[in-house]
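This report concerns only the one structure given below.
A, B, C and D label the chains in the order they appear, each numbered from 1.
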């Protein structure tokens, strides 16, 4: 089976700093893969490259066989690769319902040949009704049905995460990149979320996630890819990763100098 | 706030001249206010709904005014290299259409630019754009008459097939023309912001990265907003030219942009009613203040009012009042019934 | 809604204002009190006030006091038209004076046609004003062609060979360059560069550097006094030493002497008033009285070369109202044709000008040439 | 050739004050991230203070100049404390609108107080110019250039040689870190705005005697300052100094050899050209993603 996403020898440099070096891995269709590594290992940078927010200095990313080089983020989304964000995952001033409606942007395009004209003469009515029904269904599905009319920015942190997932799902992706989806969630919220991730996969969506919550990663992943200092140090099923000496060294054996270097790399990646 | 409010306001504005009698002075103030309010509504599309602080908005207004005036006056210009363009006068209604289109085309340029140039740079580029256009209007005397002003601009004539033509000479006719154009602009903006384009604009304004990641094409969305916004400003400029029947390069004055910004910010940016309310207040305030205050003192007041509003009511009068109303218990809005953006 | 509330307030206030004070004859005064022409406009307004006070002290007109409604047109044509509209529709003035600059006056003129209200033009010099067929315009200042015509005999005596122009980029300046250029060519004098400057321009050193490099012997300048002061200073700074002759009648030689100092030495000016030598004016007694009153009010002497026009303008309007016998626009417009008295710079008597049937009125004032010598104004002996 | 040399000399003299204007604006942007729409009004205020000191108070020209600059300093400090502090932490657009409101109030205030008639400031310099062959320079303008260069030098020394300057540079790098390290950021902001304002006032006080003083004089000066700052890169002091001279050169040559009417358009055309070539300005700052 051909991989849905392949990251081929990708490198990212910021000035003289190497954020990612020669990153190389594939994700197969229907998999749940986790990308882990200590702080500043280059995980979010890798996400930004995959979704078009950053241009790689070298190498390329292919999604369903299409090279993503030169594509803008919205074009990549339209190919079926969606993502969530670590920090801000919602449109804060809109209601939860409207958030999802914004997320459904790409679908409204199908309602007519001249969508702008349709909107202006009020011909978009039927399409709009259908969209609203989808939005409601989607919110119910992620468990936010009761929150639909609340301002997204006013929701609890964990719920904002769910809105972010609903937004990403609204684009009907074939693959979903989740950036630290359970950070800030309590144990029971995390359990619910793990169930949600599995349900998403059951709908046929491949999942790549970056996460620090190791028990959660071990529980949900089919495979794990480990980064350190922007390099791939291990890849394999959870059981193998758990006992991989390089991974243990990366997580436990960080001296203070190493931590500082990692922090620097992280700063560069975020800048 | 209900949907009835805009309708009630419209009905009030339609009936207003009857209540005023035939005071040409007040009618004049209302017409100019109406034109500026259309400008403010169009600015709101950029400033309020997409969050692009364009301070060169007056350029579109002025381009609409000049293109419309020159189309209906005709011109004869030597372009150099033996090229000479002679244009015979066309009806003012065609001028109106061309003025609107030309302004829209310039909006397309600014829209493309707005994604390349961000933040403070964008603000300064838009101001510079308006200033360059003003200097061209001032110095290309052969075409624009420069500081001599374009005079004798004909009033707009509406041609009704089979019914002959109707020239809008009186103030009352112009008042209803401005009201009609304003209503049309209101409807277009209302439709637009309630549609997926409106959601895309809001998305980009609130969280650009997230908007991109759900597949919103930022450049395209901003360009659409800028084109429509500029075209409306151009339409307002054209109305201005054909109503006053004289325009000079000072039509590009930065202070007019500032007036529009004050109208939008005070009324409530990103709301449909905000610029209308702000426009009426700040358009008619000079009329009310004229007997008691010198114009320069009025401008001091406007400057301070802008600061106070930003401090006390940063979201503007309309959302501020709506917030007061909403604080009382009210039944939750039904989930499936969409409302115009005013409700938000 | 608050919008409606403000609206109602605005309407009530405005009605209250228009309803008041109906017992005086109102004369609209439309002048630049801010912007590049502010100084000149302010002088004209102060001259107009003297005339109005004089008339009221004598008991007014037709048994009523006169009242000046003074509005600032901000040196801007569109604003000038809006001011005229306001004066006519809101203040109901049956006659107006204005609007100083040619572009300002030209902008007001369609309003005169629309509302059929006459206006006395006190300063503007563009030929277009009295040739475009507007029967509501009556002008007491000389058009630039008339100025050029009066200047013609002096061309030979001054020995002009080649002349460059530096003029304001508007009807006033460009009109002067055209009319004087035409006259000079007829006299066999070469015309070189015509440089323009914006009315608000502060730094003309680039234009002056160009003029300095040209082979002309004389520069004719048309602008208002503030810009002339800057020009003379900048000419001195560049070491530009050619003969300079200014036109347009808004030069205020005294202000130039005071502000430009030695930089103005040797410059010549075409002017329509001789306040320095009252005995040489057409009505020496009136001139002296006007200058005395001007000084009494604490205004600088420099202003009289502008302010006499405001003074004469209001006096001409008063004559017309008196002859009309009623403060109605149509009657006043008709009565202007029979105005005949001696103003401070010659007889004020309107001759028909422009297309037949809709002629404008043009009075023919005197034009003088003066020179600044040793920091004083003298009449050069030619 | 003589004409060209004269244009170049004019450029040098004009460029000094332009640089002064630009440096004031760019300092405020670099350290406070505020686009100062009161800059033109402060330029006007500087010119009127000079006029008041010389004409109304009868102060000596060379004493009036520092007085006007000091006045600008106090004005700037007052604006920062009264208007900018309450809006600290607000987004840049809101602050921009506040500054626009303040600029309008200030400009209309000068119009209200002094009226629309332009004022001239007498200078103690001889009218006759200094001659260098075919080229002439007035003493006053030479003095203006000298004073501008001196003020630019003093600003450099302040930034690079003093404790205040060190703190300012720290705040420029990263205001949060500077605050953590014990720098009083509020004081730095006030000082920065006051210094930037005093430079605008200095430019006004220097050019007031060269030209005339009127309430709207700041409008164009402000737009030119923006052009200069964009040329040099927002926040870049050396860039602004160079930008001032480039703009003066473009204007002088544009007016001399293209058309005097488009003199003032040069600055704006430069802005548009620079930003089209380098969309985020000559000295871009990276933006955060995610």
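Heads up, the rule we're going with is that contacts are C-beta pairs under 8 Å (C-beta built on N, C-alpha and C of every residue); 3 or more make two chains touch, one makes a residue touch a chain.
Chains and their UniProt names: A = ABC transporter ATP-binding protein; B, D = Branched-chain amino acid ABC transporter permease; C = Amino acid ABC transporter substrate-binding protein.
Because the structure is a prediction, the values reported are computed rather than measured.
Note on connectivity: the fewest chain-to-chain touch steps from subunit A to subunit C number 2. Simply put, of C-D and B-C, more C-beta pairs touch at B-C.
With every chain reduced to the mean of its CA atoms, the largest distance from subunit C is reached by A. Remark: subunit B and subunit C have CA centroids separated by 37 Å (rounded to whole angstrom). Distance from the subunit A centre to the subunit B centre is 41 Å, each centre being the mean of its Cα atoms. One finds 32 Å separating the Cα centroids of subunit B and subunit D.
Across the assembly, subunit A contributes residues 53, 85 that each touch 2 or more other chains. Contact with two or more other chains is made by residues 34, 72, 169, 198 of subunit C.
Residue numbers of subunit B whose C-beta contacts span two or more other chains: 138-139, 146, 209, 296.
Residue ranges on subunit B touching subunit D, taken from their complex, read 51, 53, 113, 116-121, 123-125, 127-129, 131-132, 135-136, 138-139, 146, 209, 254-255, 258, 261-262, 265, 294, 296-300, 302-307, 310-311, 314.
In the complex of the two chains, the subunit D residues touching subunit B come out as 29, 35, 83, 86-87, 90, 92-94, 96-98, 100-109, 111-112, 219, 223, 226-227, 230, 234, 259, 261-262, 264-265, 267-269, 271-272, 275-276, 279-281, 287, 289-290.
Considering their complex, residues 1-4, 6-7, 9-11, 13-18, 34, 72, 76-79, 81-82, 85-86, 89-90, 103, 106-107, 109-110, 169-171, 174, 198-199 of subunit C touch subunit B.
Contact residues of subunit C toward subunit D in the complex are 33-36, 38-39, 42, 72, 169, 195-198, 200-207, 209-210, 212-213, 226, 229-230, 233, 236-239, 259, 261-263. In the complex of the two chains, the subunit B residues touching subunit A come out as 188, 191-192, 194-197, 199-200, 202-203, 206-207, 209-218, 224, 332-333, 335-336, 338, 344.
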